[in-house]
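Two complexes, one shared chain (subunit A), two partners (subunit B, subunit C).
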Partner chain A sequence: MAIKKIAFIVEKLPYKSETSRLALTHAIASQTVEIHLEDGDNVEPVLAFVGDGVLNCLKNQKALDIYGVSSLEAHIKNALLLDLRVLVCKEDLEGFGLTEDSIVMDAEEIGGEVTTQVVPYEEIQQDLESADHLMFF
Partner chain B sequence: MGKITIGCFSSLVGSMSLDFAIKFSDAAVKKGHEVDLWLSGNGTMLGKKGQSKFRDYSYLMDTVMELINSGKFKITNCEACAKARGIGREDTVEGFGVASMDWYLASAFSTDRILHIGGE
Partner chain C sequence: MRLAVFVSEYREPEMLERLKAEKLGIVLVQNGVYHAALKKDGNVSPVLSKDVEYYALSEDLQSRGFSDSDVVDSKIKVINYDGLVDLIFNDYEKTIWL
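Let's turn to the complex of A and B:
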(Lines of atoms letter the chains of each structure in order from A and count residues from 1; the text may use other names and numbers.)
(Lines give C-alpha, C1' and ligand atoms only; values in the text may rest on other atoms or scores of the structure.)
Protein backbone atom coordinates (compact mmCIF):
# COMPACT_ATOMS: atom_id res chain seq x y z
CA MET A 1 0.00 0.00 0.00
CA ALA A 2 1.47 3.32 -1.03
CA ILE A 3 0.45 6.86 -1.83
CA LYS A 4 2.47 8.73 -4.44
CA LYS A 5 2.24 12.50 -4.39
CA ILE A 6 2.24 14.20 -7.79
CA ALA A 7 2.57 17.98 -8.00
CA PHE A 8 1.02 19.67 -11.04
CA ILE A 9 2.71 23.04 -11.40
CA VAL A 10 0.89 25.44 -13.70
CA GLU A 11 3.05 28.32 -14.87
CA LYS A 12 1.57 29.12 -18.27
CA LEU A 13 -1.19 31.55 -19.23
CA PRO A 14 -4.75 30.35 -19.73
CA TYR A 15 -6.19 30.02 -23.27
CA LYS A 16 -2.92 30.88 -25.03
CA SER A 17 -2.29 27.15 -25.30
CA GLU A 18 -3.93 23.96 -24.11
CA THR A 19 -1.30 23.47 -21.42
CA SER A 20 -3.01 24.67 -18.26
CA ARG A 21 -6.26 22.93 -19.22
CA LEU A 22 -4.34 19.67 -19.51
CA ALA A 23 -2.81 20.25 -16.08
CA LEU A 24 -6.26 20.47 -14.57
CA THR A 25 -7.76 17.54 -16.46
CA HIS A 26 -4.79 15.32 -15.61
CA ALA A 27 -4.91 16.33 -11.94
CA ILE A 28 -8.64 15.61 -11.82
CA ALA A 29 -7.98 12.21 -13.46
CA SER A 30 -6.31 11.23 -10.18
CA GLN A 31 -9.85 10.54 -8.95
CA THR A 32 -10.08 7.43 -11.12
CA VAL A 33 -6.47 6.23 -11.10
CA GLU A 34 -7.26 3.54 -8.52
CA ILE A 35 -8.78 1.33 -11.20
CA HIS A 36 -5.26 0.82 -12.59
CA LEU A 37 -3.55 0.26 -9.22
CA GLU A 38 -3.32 -2.41 -6.53
CA ASP A 39 -5.69 -2.20 -3.57
CA GLY A 40 -4.58 0.50 -1.15
CA ASP A 41 -2.37 2.28 -3.67
CA ASN A 42 -3.31 5.76 -4.80
CA VAL A 43 -2.11 9.07 -6.13
CA GLU A 44 -2.30 12.29 -4.13
CA PRO A 45 -2.41 15.31 -6.44
CA VAL A 46 -1.56 18.88 -5.56
CA LEU A 47 -2.16 21.73 -7.99
CA ALA A 48 0.08 24.76 -7.71
CA PHE A 49 -0.37 27.92 -9.75
CA VAL A 50 2.76 30.04 -10.02
CA GLY A 51 4.08 32.85 -12.21
CA ASP A 52 1.78 33.65 -15.15
CA GLY A 53 -0.14 30.54 -14.16
CA VAL A 54 -1.97 32.41 -11.38
CA LEU A 55 -4.03 34.09 -14.13
CA ASN A 56 -5.74 30.74 -14.73
CA CYS A 57 -7.51 31.30 -11.43
CA LEU A 58 -9.28 34.55 -12.31
CA LYS A 59 -12.99 34.76 -11.54
CA ASN A 60 -15.78 35.38 -14.04
CA GLN A 61 -14.09 33.78 -17.05
CA LYS A 62 -16.21 33.84 -20.21
CA ALA A 63 -14.59 31.03 -22.18
CA LEU A 64 -17.88 29.25 -22.74
CA ASP A 65 -19.48 32.39 -24.16
CA ILE A 66 -16.53 33.51 -26.24
CA TYR A 67 -14.74 30.32 -27.28
CA GLY A 68 -17.47 27.76 -26.67
CA VAL A 69 -15.21 25.76 -24.36
CA SER A 70 -15.34 25.14 -20.63
CA SER A 71 -13.41 27.70 -18.63
CA LEU A 72 -10.35 27.09 -16.49
CA GLU A 73 -12.44 28.56 -13.69
CA ALA A 74 -14.94 25.70 -14.09
CA HIS A 75 -12.09 23.15 -14.02
CA ILE A 76 -10.66 24.70 -10.85
CA LYS A 77 -14.09 24.52 -9.23
CA ASN A 78 -14.30 20.86 -10.21
CA ALA A 79 -10.89 20.28 -8.66
CA LEU A 80 -12.08 21.91 -5.42
CA LEU A 81 -15.29 19.90 -5.52
CA LEU A 82 -13.15 16.75 -5.66
CA ASP A 83 -11.11 17.95 -2.64
CA LEU A 84 -7.89 18.49 -4.56
CA ARG A 85 -5.38 20.77 -2.90
CA VAL A 86 -5.18 23.97 -4.93
CA LEU A 87 -2.35 26.36 -4.10
CA VAL A 88 -1.83 29.82 -5.57
CA CYS A 89 1.44 31.68 -5.14
CA LYS A 90 0.79 34.78 -3.02
CA GLU A 91 3.73 36.77 -4.35
CA ASP A 92 2.86 36.11 -8.00
CA LEU A 93 -0.78 36.99 -7.36
CA GLU A 94 0.25 40.26 -5.78
CA GLY A 95 2.64 40.89 -8.65
CA PHE A 96 -0.37 41.14 -10.96
CA GLY A 97 -2.19 43.43 -8.50
CA LEU A 98 -4.62 40.64 -7.68
CA THR A 99 -6.09 39.50 -4.38
CA GLU A 100 -8.15 36.57 -3.13
CA ASP A 101 -11.23 38.51 -4.24
CA SER A 102 -10.02 38.30 -7.84
CA ILE A 103 -9.66 34.53 -8.06
CA VAL A 104 -11.64 31.32 -7.64
CA MET A 105 -11.46 30.58 -3.94
CA ASP A 106 -14.22 28.00 -3.54
CA ALA A 107 -16.81 25.86 -5.29
CA GLU A 108 -19.59 26.32 -2.78
CA GLU A 109 -22.30 26.66 -5.43
CA ILE A 110 -21.63 23.12 -6.66
CA GLY A 111 -21.13 21.63 -3.21
CA GLY A 112 -17.38 21.97 -2.82
CA GLU A 113 -16.04 22.10 0.70
CA VAL A 114 -12.33 22.78 0.29
CA THR A 115 -11.00 26.18 -0.70
CA THR A 116 -8.10 27.52 -2.71
CA GLN A 117 -5.08 28.31 -0.57
CA VAL A 118 -3.12 31.46 -1.36
CA VAL A 119 0.29 30.78 0.12
CA PRO A 120 3.84 32.16 -0.03
CA TYR A 121 6.05 30.48 -2.62
CA GLU A 122 8.09 29.00 0.19
CA GLU A 123 5.11 26.84 1.12
CA ILE A 124 4.66 25.71 -2.49
CA GLN A 125 8.35 24.83 -2.56
CA GLN A 126 7.85 22.59 0.44
CA ASP A 127 5.08 20.77 -1.40
CA LEU A 128 7.30 20.34 -4.44
CA GLU A 129 10.08 18.93 -2.28
CA SER A 130 7.74 16.41 -0.67
CA ALA A 131 6.25 15.27 -4.00
CA ASP A 132 7.31 11.99 -5.61
CA HIS A 133 6.92 13.45 -9.09
CA LEU A 134 6.64 16.95 -10.56
CA MET A 135 4.77 17.81 -13.73
CA PHE A 136 5.23 21.31 -15.11
CA PHE A 137 2.53 22.69 -17.36
CA MET B 1 16.88 -1.79 -14.95
CA GLY B 2 14.34 0.92 -14.37
CA LYS B 3 11.09 2.23 -15.69
CA ILE B 4 10.76 5.67 -17.25
CA THR B 5 7.45 7.39 -17.90
CA ILE B 6 7.36 10.14 -20.49
CA GLY B 7 4.41 12.44 -21.05
CA CYS B 8 4.54 14.40 -24.28
CA PHE B 9 1.98 17.04 -25.23
CA SER B 10 3.58 18.51 -28.33
CA SER B 11 2.65 17.90 -31.96
CA LEU B 12 4.58 15.70 -34.38
CA VAL B 13 4.74 18.45 -36.96
CA GLY B 14 5.51 21.94 -35.67
CA SER B 15 7.66 20.92 -32.73
CA MET B 16 10.70 18.70 -32.17
CA SER B 17 9.65 17.59 -28.69
CA LEU B 18 8.12 14.32 -29.92
CA ASP B 19 11.29 13.61 -31.90
CA PHE B 20 13.25 14.04 -28.69
CA ALA B 21 10.81 11.86 -26.73
CA ILE B 22 11.15 9.02 -29.24
CA LYS B 23 14.94 9.31 -29.46
CA PHE B 24 15.11 9.31 -25.68
CA SER B 25 12.79 6.28 -25.49
CA ASP B 26 14.92 4.44 -28.05
CA ALA B 27 18.08 5.11 -26.06
CA ALA B 28 16.45 4.04 -22.81
CA VAL B 29 15.03 0.79 -24.26
CA LYS B 30 18.41 -0.04 -25.82
CA LYS B 31 19.94 0.32 -22.36
CA GLY B 32 17.39 -2.19 -21.06
CA HIS B 33 14.92 0.15 -19.40
CA GLU B 34 11.16 0.01 -19.80
CA VAL B 35 9.45 3.10 -21.15
CA ASP B 36 5.83 4.21 -20.99
CA LEU B 37 5.07 7.08 -23.37
CA TRP B 38 1.85 9.01 -22.80
CA LEU B 39 0.66 11.21 -25.64
CA SER B 40 -1.77 13.95 -24.79
CA GLY B 41 -2.96 17.14 -26.47
CA ASN B 42 -1.39 17.57 -29.91
CA GLY B 43 0.96 14.68 -29.13
CA THR B 44 -1.82 12.26 -30.07
CA MET B 45 -1.03 13.07 -33.70
CA LEU B 46 1.84 10.58 -33.50
CA GLY B 47 -0.56 7.66 -33.47
CA LYS B 48 -2.54 8.68 -36.57
CA LYS B 49 -2.67 6.12 -39.36
CA GLY B 50 -1.59 7.02 -42.89
CA GLN B 51 1.33 9.34 -42.18
CA SER B 52 3.66 10.06 -45.08
CA LYS B 53 7.41 10.09 -44.98
CA PHE B 54 8.44 13.45 -46.38
CA ARG B 55 11.95 14.77 -45.86
CA ASP B 56 10.78 18.13 -44.60
CA TYR B 57 8.64 16.69 -41.80
CA SER B 58 9.34 14.39 -38.90
CA TYR B 59 8.39 10.76 -39.45
CA LEU B 60 8.84 8.60 -36.37
CA MET B 61 6.65 5.60 -37.08
CA ASP B 62 9.45 3.20 -38.08
CA THR B 63 11.26 3.79 -34.79
CA VAL B 64 8.00 3.66 -32.85
CA MET B 65 7.14 0.25 -34.34
CA GLU B 66 10.63 -1.06 -33.51
CA LEU B 67 10.15 0.15 -29.95
CA ILE B 68 6.71 -1.47 -29.65
CA ASN B 69 8.12 -4.73 -30.98
CA SER B 70 10.89 -4.62 -28.35
CA GLY B 71 8.29 -5.46 -25.70
CA LYS B 72 9.77 -2.82 -23.40
CA PHE B 73 7.83 0.14 -24.69
CA LYS B 74 4.21 1.08 -24.22
CA ILE B 75 2.75 4.03 -26.08
CA THR B 76 -0.71 5.31 -25.28
CA ASN B 77 -2.87 8.08 -26.69
CA CYS B 78 -5.17 10.16 -24.52
CA GLU B 79 -8.58 9.07 -25.76
CA ALA B 80 -10.33 12.42 -25.25
CA CYS B 81 -7.47 14.46 -26.75
CA ALA B 82 -7.34 12.19 -29.81
CA LYS B 83 -11.08 12.04 -30.29
CA ALA B 84 -11.32 15.84 -30.07
CA ARG B 85 -8.90 15.93 -33.01
CA GLY B 86 -10.91 13.42 -35.03
CA ILE B 87 -8.57 10.53 -34.27
CA GLY B 88 -10.64 7.57 -33.13
CA ARG B 89 -9.42 4.07 -32.29
CA GLU B 90 -10.05 3.07 -35.90
CA ASP B 91 -7.69 5.85 -37.03
CA THR B 92 -4.93 4.82 -34.62
CA VAL B 93 -1.96 2.68 -35.58
CA GLU B 94 -2.01 -0.87 -34.23
CA GLY B 95 0.18 -1.21 -31.16
CA PHE B 96 -0.82 2.15 -29.71
CA GLY B 97 -2.94 2.05 -26.60
CA VAL B 98 -5.90 4.39 -26.16
CA ALA B 99 -6.80 5.30 -22.59
CA SER B 100 -8.06 8.02 -20.29
CA MET B 101 -5.72 10.35 -18.41
CA ASP B 102 -5.62 8.17 -15.31
CA TRP B 103 -3.43 5.73 -17.31
CA TYR B 104 -0.64 8.32 -17.22
CA LEU B 105 -1.00 8.85 -13.49
CA ALA B 106 -0.99 5.09 -12.89
CA SER B 107 2.19 4.79 -14.91
CA ALA B 108 3.63 7.66 -12.88
CA PHE B 109 2.75 5.77 -9.73
CA SER B 110 5.02 2.86 -10.52
CA THR B 111 7.78 4.61 -12.42
CA ASP B 112 11.31 5.43 -11.34
CA ARG B 113 11.48 8.71 -13.25
CA ILE B 114 9.07 10.98 -15.11
CA LEU B 115 10.05 13.14 -18.02
CA HIS B 116 7.13 15.45 -18.59
CA ILE B 117 7.22 17.47 -21.78
CA GLY B 118 4.42 20.01 -21.72
CA GLY B 119 2.84 21.76 -24.65
CA GLU B 120 4.34 24.78 -26.28
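Let's turn to the complex of A and C:
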Protein backbone atom coordinates (compact mmCIF):
# COMPACT_ATOMS: atom_id res chain seq x y z
CA MET A 1 0.00 0.00 0.00
CA ALA A 2 2.12 2.86 -1.18
CA ILE A 3 2.67 5.48 -3.77
CA LYS A 4 6.00 5.29 -5.53
CA LYS A 5 7.30 8.52 -6.99
CA ILE A 6 9.34 8.11 -10.17
CA ALA A 7 11.27 11.02 -11.67
CA PHE A 8 11.88 10.84 -15.42
CA ILE A 9 14.78 13.18 -16.19
CA VAL A 10 15.42 14.01 -19.84
CA GLU A 11 18.82 15.45 -20.72
CA LYS A 12 19.24 14.16 -24.29
CA LEU A 13 18.23 15.82 -27.55
CA PRO A 14 15.29 14.51 -29.60
CA TYR A 15 15.22 12.56 -32.91
CA LYS A 16 18.86 11.55 -33.37
CA SER A 17 18.11 8.79 -30.89
CA GLU A 18 14.88 7.45 -29.40
CA THR A 19 16.03 8.14 -25.84
CA SER A 20 13.94 11.19 -25.03
CA ARG A 21 10.88 9.68 -26.71
CA LEU A 22 11.27 6.64 -24.45
CA ALA A 23 11.24 8.90 -21.41
CA LEU A 24 7.93 10.36 -22.53
CA THR A 25 6.31 7.03 -23.34
CA HIS A 26 7.49 5.52 -20.03
CA ALA A 27 6.25 8.51 -18.06
CA ILE A 28 2.90 8.45 -19.83
CA ALA A 29 2.61 4.66 -19.44
CA SER A 30 3.20 5.01 -15.70
CA GLN A 31 -0.16 6.78 -15.51
CA THR A 32 -1.95 3.64 -16.65
CA VAL A 33 -0.03 1.12 -14.54
CA GLU A 34 -2.52 1.40 -11.66
CA ILE A 35 -4.71 -1.36 -13.09
CA HIS A 36 -1.87 -3.86 -12.60
CA LEU A 37 -1.20 -2.88 -8.98
CA GLU A 38 -2.81 -3.74 -5.66
CA ASP A 39 -5.44 -1.41 -4.27
CA GLY A 40 -3.80 1.62 -2.75
CA ASP A 41 -0.58 1.21 -4.70
CA ASN A 42 0.19 3.70 -7.40
CA VAL A 43 2.91 5.53 -9.27
CA GLU A 44 3.39 9.27 -9.17
CA PRO A 45 5.49 10.36 -12.12
CA VAL A 46 7.29 13.65 -12.59
CA LEU A 47 8.89 14.55 -15.90
CA ALA A 48 11.78 17.02 -15.89
CA PHE A 49 13.78 18.44 -18.79
CA VAL A 50 17.31 19.61 -18.03
CA GLY A 51 20.44 20.55 -19.99
CA ASP A 52 20.14 19.94 -23.74
CA GLY A 53 16.93 18.06 -22.89
CA VAL A 54 15.00 21.34 -22.66
CA LEU A 55 15.19 21.45 -26.48
CA ASN A 56 12.68 18.59 -26.63
CA CYS A 57 10.09 21.13 -25.51
CA LEU A 58 10.37 23.56 -28.44
CA LYS A 59 7.14 24.48 -30.21
CA ASN A 60 6.37 24.03 -33.91
CA GLN A 61 8.27 20.78 -34.41
CA LYS A 62 7.49 19.51 -37.92
CA ALA A 63 8.77 15.97 -37.34
CA LEU A 64 5.48 14.35 -38.36
CA ASP A 65 5.49 16.11 -41.75
CA ILE A 66 9.17 15.64 -42.46
CA TYR A 67 10.29 12.44 -40.71
CA GLY A 68 6.88 10.78 -40.47
CA VAL A 69 7.25 10.33 -36.71
CA SER A 70 5.27 11.95 -33.93
CA SER A 71 7.00 15.00 -32.52
CA LEU A 72 8.26 15.27 -28.97
CA GLU A 73 6.04 18.33 -28.78
CA ALA A 74 2.98 16.07 -29.30
CA HIS A 75 4.19 13.62 -26.65
CA ILE A 76 4.66 16.43 -24.13
CA LYS A 77 1.11 17.61 -24.86
CA ASN A 78 -0.13 14.08 -24.19
CA ALA A 79 1.75 14.08 -20.89
CA LEU A 80 0.07 17.36 -19.93
CA LEU A 81 -3.30 15.98 -21.00
CA LEU A 82 -2.77 13.14 -18.51
CA ASP A 83 -1.98 15.67 -15.76
CA LEU A 84 1.70 14.74 -15.45
CA ARG A 85 3.89 17.26 -13.69
CA VAL A 86 6.17 18.58 -16.42
CA LEU A 87 9.15 20.65 -15.28
CA VAL A 88 11.62 22.53 -17.46
CA CYS A 89 14.88 23.86 -16.03
CA LYS A 90 14.77 27.65 -16.09
CA GLU A 91 18.55 28.17 -16.12
CA ASP A 92 19.08 25.78 -19.05
CA LEU A 93 16.21 27.32 -21.02
CA GLU A 94 17.66 30.80 -20.49
CA GLY A 95 21.12 29.51 -21.40
CA PHE A 96 19.79 28.83 -24.89
CA GLY A 97 18.17 32.28 -25.03
CA LEU A 98 14.71 30.69 -24.91
CA THR A 99 11.60 31.70 -22.97
CA GLU A 100 8.23 30.20 -22.09
CA ASP A 101 7.00 31.52 -25.45
CA SER A 102 9.40 29.15 -27.24
CA ILE A 103 8.22 25.93 -25.59
CA VAL A 104 5.13 23.78 -25.10
CA MET A 105 3.43 25.26 -22.06
CA ASP A 106 -0.04 23.72 -22.32
CA ALA A 107 -2.21 21.21 -24.19
CA GLU A 108 -5.35 23.31 -24.25
CA GLU A 109 -6.26 22.38 -27.84
CA ILE A 110 -6.61 18.71 -26.87
CA GLY A 111 -8.31 19.42 -23.54
CA GLY A 112 -5.30 19.46 -21.22
CA GLU A 113 -5.67 21.41 -18.00
CA VAL A 114 -2.22 21.41 -16.40
CA THR A 115 0.65 23.50 -17.71
CA THR A 116 4.39 23.08 -18.01
CA GLN A 117 6.30 24.59 -15.10
CA VAL A 118 9.54 26.43 -15.81
CA VAL A 119 11.43 26.13 -12.54
CA PRO A 120 14.95 26.73 -11.19
CA TYR A 121 17.15 23.62 -11.13
CA GLU A 122 16.97 23.72 -7.33
CA GLU A 123 13.31 22.77 -7.53
CA ILE A 124 14.07 19.84 -9.87
CA GLN A 125 16.78 18.77 -7.40
CA GLN A 126 14.12 18.62 -4.67
CA ASP A 127 12.03 16.32 -6.88
CA LEU A 128 15.08 14.11 -7.40
CA GLU A 129 15.49 13.86 -3.65
CA SER A 130 11.83 13.12 -2.93
CA ALA A 131 11.52 10.52 -5.71
CA ASP A 132 11.74 6.79 -4.88
CA HIS A 133 13.29 6.01 -8.27
CA LEU A 134 15.23 8.12 -10.76
CA MET A 135 15.30 7.37 -14.45
CA PHE A 136 17.67 9.36 -16.64
CA PHE A 137 17.13 9.57 -20.37
CA MET B 1 40.45 18.53 -52.42
CA ARG B 2 36.93 19.79 -52.01
CA LEU B 3 35.57 18.24 -48.83
CA ALA B 4 32.08 18.32 -47.34
CA VAL B 5 31.93 17.47 -43.64
CA PHE B 6 28.62 16.39 -42.16
CA VAL B 7 28.15 17.28 -38.51
CA SER B 8 25.17 15.46 -37.02
CA GLU B 9 25.63 15.91 -33.26
CA TYR B 10 25.31 18.91 -30.98
CA ARG B 11 28.89 18.81 -29.74
CA GLU B 12 32.14 19.89 -31.32
CA PRO B 13 33.81 17.04 -33.18
CA GLU B 14 37.53 17.13 -32.27
CA MET B 15 38.53 16.17 -35.79
CA LEU B 16 36.98 19.33 -37.18
CA GLU B 17 39.92 21.46 -36.03
CA ARG B 18 42.44 19.32 -37.89
CA LEU B 19 40.77 18.99 -41.24
CA LYS B 20 42.19 21.02 -44.10
CA ALA B 21 40.95 21.32 -47.68
CA GLU B 22 41.07 23.81 -50.54
CA LYS B 23 37.35 24.04 -50.20
CA LEU B 24 35.82 22.88 -46.95
CA GLY B 25 32.09 22.81 -46.36
CA ILE B 26 30.47 22.01 -43.03
CA VAL B 27 26.98 20.61 -43.45
CA LEU B 28 24.90 20.76 -40.27
CA VAL B 29 22.33 17.97 -40.28
CA GLN B 30 20.21 16.07 -37.73
CA ASN B 31 21.17 17.29 -34.24
CA GLY B 32 24.01 19.26 -35.84
CA VAL B 33 21.46 21.92 -36.78
CA TYR B 34 21.40 23.09 -33.15
CA HIS B 35 24.84 24.62 -33.87
CA ALA B 36 23.14 26.73 -36.54
CA ALA B 37 20.05 27.74 -34.58
CA LEU B 38 21.14 28.32 -31.00
CA LYS B 39 23.51 30.37 -28.94
CA LYS B 40 24.55 28.82 -25.67
CA ASP B 41 24.99 31.36 -22.87
CA GLY B 42 24.97 34.06 -25.55
CA ASN B 43 27.82 32.54 -27.58
CA VAL B 44 27.58 31.01 -31.02
CA SER B 45 28.81 27.44 -31.29
CA PRO B 46 32.61 27.01 -31.70
CA VAL B 47 31.76 24.82 -34.70
CA LEU B 48 30.91 28.05 -36.54
CA SER B 49 34.30 29.68 -35.91
CA LYS B 50 36.04 28.41 -39.04
CA ASP B 51 36.49 30.34 -42.27
CA VAL B 52 34.68 27.76 -44.41
CA GLU B 53 31.33 27.27 -46.11
CA TYR B 54 28.44 26.44 -43.79
CA TYR B 55 25.15 24.78 -44.63
CA ALA B 56 22.20 23.72 -42.48
CA LEU B 57 19.48 21.34 -43.56
CA SER B 58 16.07 23.00 -43.55
CA GLU B 59 14.11 19.80 -42.93
CA ASP B 60 16.12 19.04 -39.79
CA LEU B 61 15.71 22.61 -38.51
CA GLN B 62 11.95 22.52 -39.01
CA SER B 63 11.54 19.07 -37.45
CA ARG B 64 13.09 20.45 -34.28
CA GLY B 65 10.87 23.51 -34.03
CA PHE B 66 13.07 26.07 -35.78
CA SER B 67 12.42 28.04 -38.94
CA ASP B 68 14.97 28.68 -41.68
CA SER B 69 15.36 32.28 -40.49
CA ASP B 70 16.45 31.17 -37.00
CA VAL B 71 20.06 30.58 -38.05
CA VAL B 72 22.38 32.62 -35.85
CA ASP B 73 24.85 33.68 -38.55
CA SER B 74 24.16 34.83 -42.10
CA LYS B 75 27.17 32.85 -43.35
CA ILE B 76 25.11 29.67 -42.86
CA LYS B 77 23.21 28.77 -46.02
CA VAL B 78 19.98 26.94 -45.31
CA ILE B 79 19.44 24.19 -47.89
CA ASN B 80 16.85 21.47 -48.37
CA TYR B 81 17.38 17.79 -49.31
CA ASP B 82 17.39 18.63 -53.04
CA GLY B 83 19.94 21.37 -52.47
CA LEU B 84 22.07 18.97 -50.47
CA VAL B 85 22.15 16.48 -53.34
CA ASP B 86 23.17 19.25 -55.74
CA LEU B 87 25.86 20.33 -53.32
CA ILE B 88 27.37 16.85 -52.99
CA PHE B 89 27.36 16.26 -56.75
CA ASN B 90 28.41 19.70 -57.94
CA ASP B 91 30.49 21.43 -55.29
CA TYR B 92 32.40 18.74 -53.39
CA GLU B 93 34.49 15.73 -54.36
CA LYS B 94 34.45 13.92 -51.04
CA THR B 95 32.13 13.74 -48.08
CA ILE B 96 32.73 12.57 -44.53
CA TRP B 97 30.56 12.26 -41.40
CA LEU B 98 31.84 13.39 -38.02
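One rule holds in what follows: the second predicted complex is superposed on the first by the 137 of 137 C-alpha atoms of A that agree within 3 Å, B and C clash if a C-alpha of one lies under 4 Å from a C-alpha of the other, contacts with A are read in each partner's own complex, and residues count from 1 in each chain.
Quick note on the criterion: a residue touches a chain if its C-beta (ideal position, glycine included) is under 8 Å from a C-beta of that chain, and two chains touch if they have at least 3 such contacts.
Keep in mind the model is a prediction, meaning the values are calculated, not measured.
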item	value
Which of subunit B and subunit C A:Tyr67 touches, first, second, both or neither	second
Touched partner set for A:Asp52, first subunit B, second subunit C, both or neither	second
Partner chain in contact with A:Phe136 - subunit B first, subunit C second, else both or neither	first
Partner chain(s) touched by A:Leu13 [first = subunit B, second = subunit C, both, neither]	second
Partner chain in contact with A:His26 - subunit B first, subunit C second, else both or neither	first
Partner chain in contact with A:Lys4 - subunit B first, subunit C second, else both or neither	first
First (subunit B), second (subunit C), both or neither touched by A:Gly97	second
Complex contacts: residues of subunit C adjacent to subunit A	8-10, 30-31, 34, 38-42, 59-60, 62-67
Touch list for subunit A against partner subunit C, complex	13-16, 52, 55, 58-63, 65-67, 71, 73, 95-97, 102
List of subunit B residues in touch with subunit A within their complex	7, 9, 40-42, 80-81, 100-106, 108-109, 111, 114, 116, 118-120
Contact set on subunit A toward subunit B in their complex	2, 4, 6, 12, 17-19, 22, 25-26, 29-33, 35-37, 41, 43, 45, 133-137
